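Order of writing sets the chain letters: A, B and C. Residues in each chain are counted from 1.
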Amino acid sequence: MITLDKVSKRFPGQDGFAVTDLSLQVDDGELVVLVGPSGCGKTTTMRMINRLIEPTSGRIAVDGRDVMEQDPVQLRRGIGYVIQSVGLMPHRTVGENIATVPRLVGWDERRIRERIQELVEMFALDGGLIGRYPSELSGGQRQRVGVARALAADPPVMLMDEPFAAVDPIVRERLQEQFLDIQARLRKTIVFVTHDIDEAIKLADRIAILNVGGVLEQYARPEELLRAPASDFVRDFVGPEPGLKRLSLMSVADIDVEAGPVVHPDAAADEAVAAMEPFGLDWATVLDPEGRVLGWVDRADVTGRARVGDADVKRFAAYVTSGSSLRSALDAIVSNRTQVAVVVDEQERYRGILSLEAVAKEIIT
Amino acid sequence: MQPFARAVAWILSPAHWWGPDGVLTHTAEHVEITALSVAVALAIALPAGLYVGHTRRGEKAAVWTANLGRALPAFGILGIVFPFTLSLPGFGFYPTLIAMVLLAIPPILTNTYVGVRSVEADTVEAARGMGMSEVQLLRRIELPLAAPVIVAGIRTSAVAVVATATLAAVFGWGGYGRYIFDGFYQNDTVKILVGAILVAALAVVTELVLAVAEHLVRPARGAAAAGATA
Amino acid sequence: MGSPFDVAWIAAHLSDILGKLIEHIELTLLAVGIGFVIAFPVGIYCFRHRKVYPPVTWVTGILYTIPSLAFFVLLIPALGISIVNVEVALVSYTLLILIRNVVAGLEGVSEDTKDAAKGMGLTRGQILWKVEVPLALPVIVAGIRIALVTTIGLVTVSALLGYGGLGFFILDGFGNYFATPVLVGSVLSALLAVVADWGMLALERWLTPWRGGGRLQVST
């Protein structure tokens, strides 16, 4: 747990405060993102936690111990640290870079080797990279090595300053996904700094939005921040389409799926029409005997046919699964001619449908 | 430091200023050979350096010249040139001049070439895109941006020539070296010191004057000057 | 002056030549060695205390500018004609080059690398010895390389004081109007410089496996 209690920072020779009276609590296993425009003191705040910068006033504690009462070098060895440019030591191989803190704290070589191997696998890095120098890596690999290095001695707490900002958007997306997977397993206590609100929304358990001078505007879960911004500043910073952004935070599993009309290929035309009626729809999903989705037919398709399977079964443009975000469900709704999103499981077995109304209800409440 | 004080007094006494062995005469000789050598070296090395830097052709030759220039001892250049120039008229002058020119070329060539080459590719690209001809590009972009580095090369050359021209007295040419070698032969410590003090002073003055010149040609918003790196 | 290249003379003087070559190498290594022992701590000190750096470069710059012959001569009243005289002058020349390269090398280490190192909990001493010095090594070694090559050239001049290594032959040849010793002295001295240059380049690459090749030196 990290606690900031009325922390202020004023740099010598500067008029204003870089951080003003900031109080925050980061719970164990929580990923908190500090976000704000340049000059909002987010990096300064983060760097005060491992005493790379010392606060002018206030108290910062990690696991209940005041950082100012600890030896800064020892403190830092217990806190993972990743910066935007990564700062890998160019004269040390990937393996040696990862081994930095374990060596400092005196692990034996066998344990270090095993740990390097474990991290390389965790970050899906090629084992051949261990003996390479940082200059021989791609941007994405370097960022992953940077995060792996910070995790090397398994610190409970991590500080990350725009660790994914230096790579292109596609690589960044992949790194974020991978990082979320790893964090889901490790449950580190993380303070993460970024200027990118979308990255914050995607990664954070809670977001602290800071204004210029290190003034805390709002500290809330991403979903709450989007639904109820505390100020005009937050509303502006969150940017356009807050409703859509909230949908991207919620998954299909979060809302109830309607059963929807279904029919088998062997069913008669009347049965198909009978299935549609209770839902007030003029189409039905066609399922095979195992419950897999074959496509859909409307009333006109089946009229005059002996069985549903004789009609032209049309395919849906998109499916969603329970893990999909509501935003992609909405996309499926507007892409399908039936105006619903068809929910399937991993084996493409039918689970139900989502209507526009059901999704819209989530944005409004 | 009795001899040292006496040497300074000797230099300051107007009685020793004029005449064939006077301070002013030897100063004129020393400055003359330095200026002439650097001018000739500049006339050769500057166009060559600009050409190599701009076209990137003959880079290997430039690098070799630079390395050779660094490896050959200044004293040795004199030595190698000497036997081949004995037949030329003006005993002492031509061997010295040729040796000094050879000594002065490498720093100017290297710095010109590196100075032009290290002008940012984007700057050159943008200038070309605006329709500058290659000559305009060289004159308006590359030369001004490389100027401080080029002048630094001239400074290195000039100071080296001032120092080495002293040794030319061995061949019978004048300059401050006259005092030093005559002093050695006559076992006259004061005379040796007179030469040493004068040549040290001239070298420092040359260094300072060209350092100021280097500062003056620096473009307003600092073009990257070459540092003391390899 | 006789034939510029008299093989018989060389054959007759082989052991002399070897002796002077060894003397040349000894004078050079002694000067650069002492120079480095002085310049390395001074460079680190200048890097950490920036105010000291300009006066240090100023003083060493003046020393560097004074022509070698003048320097040797100016030291005669104080030190007489001795090996101490020669070495004091030679060491003085190495200082500017070495100190400047130590400082430039340390300055060249990226702030991010140092920040990351500090953030991971390296002490100030560990950052200096494990990060800054290793990363500055290529530039420092380049400085040693330039100092070696420069000193090899300057040693020839000290022949005037009777300690010149290969410079002895150059001076001797001048004195006797005989070209062969002049060529032997000059060419061997140049070769020695080239060998030292290549040797140091190889050492530099070997010490810094994380980098590509060397670059061209610019005089400033």
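Keep this in mind: a residue touches a chain if its C-beta (ideal position, glycine included) is under 8 Å from a C-beta of that chain, and two chains touch if they have at least 3 such contacts.
The model shown is predicted, which means the values in this text are computed figures rather than measured ones.
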{"item": "Contact graph of the chains (line, ring, star, complete, other)", "value": "line"}
{"item": "Identifier of the chain whose CA centre is least distant from the whole-structure CA centre", "value": "C"}
{"item": "Chain pair that, of all pairs, has the most C-beta pairs in contact", "value": "B-C"}
{"item": "CA centroid of subunit A to CA centroid of subunit C, Å", "value": "57"}
{"item": "Centre distance in Å when subunit A and subunit B are each reduced to the mean of their C-alpha atoms", "value": "64"}
{"item": "Distance from the mean Cα position of subunit C to that of subunit B, given in whole angstrom", "value": "20"}
{"item": "Interface residues, subunit C side, partner subunit B - complex", "value": "1, 4, 61-62, 65-71, 73-74, 76-78, 97, 100-101, 104-105, 108, 138-139, 142-143, 145-146, 149-150, 152-157, 159-160, 167, 170-171, 173-174, 179, 182-183, 185-187, 189-191, 193-194, 197, 204, 214-220"}
{"item": "Parts of subunit B lying in touch with subunit C, wherever the complex brings them together", "value": "1-4, 63, 66-68, 70-77, 79-80, 82-84, 86, 107, 110-111, 114-115, 149, 152-153, 156, 159, 162-164, 166-167, 170-171, 177, 180, 184, 189, 192-193, 195-197, 199-200, 203-204, 207, 225-230"}
{"item": "Subunit C residues touching subunit A - in the complex, by the definition given at the top", "value": "110, 112-123, 126, 131, 134-135, 137, 208-211"}
{"item": "Residue ranges of subunit A touching subunit C (in the complex, touch as defined)", "value": "50, 52, 73-79, 81, 83, 85-92, 100-101, 104, 133-135, 146, 149-150, 159"}
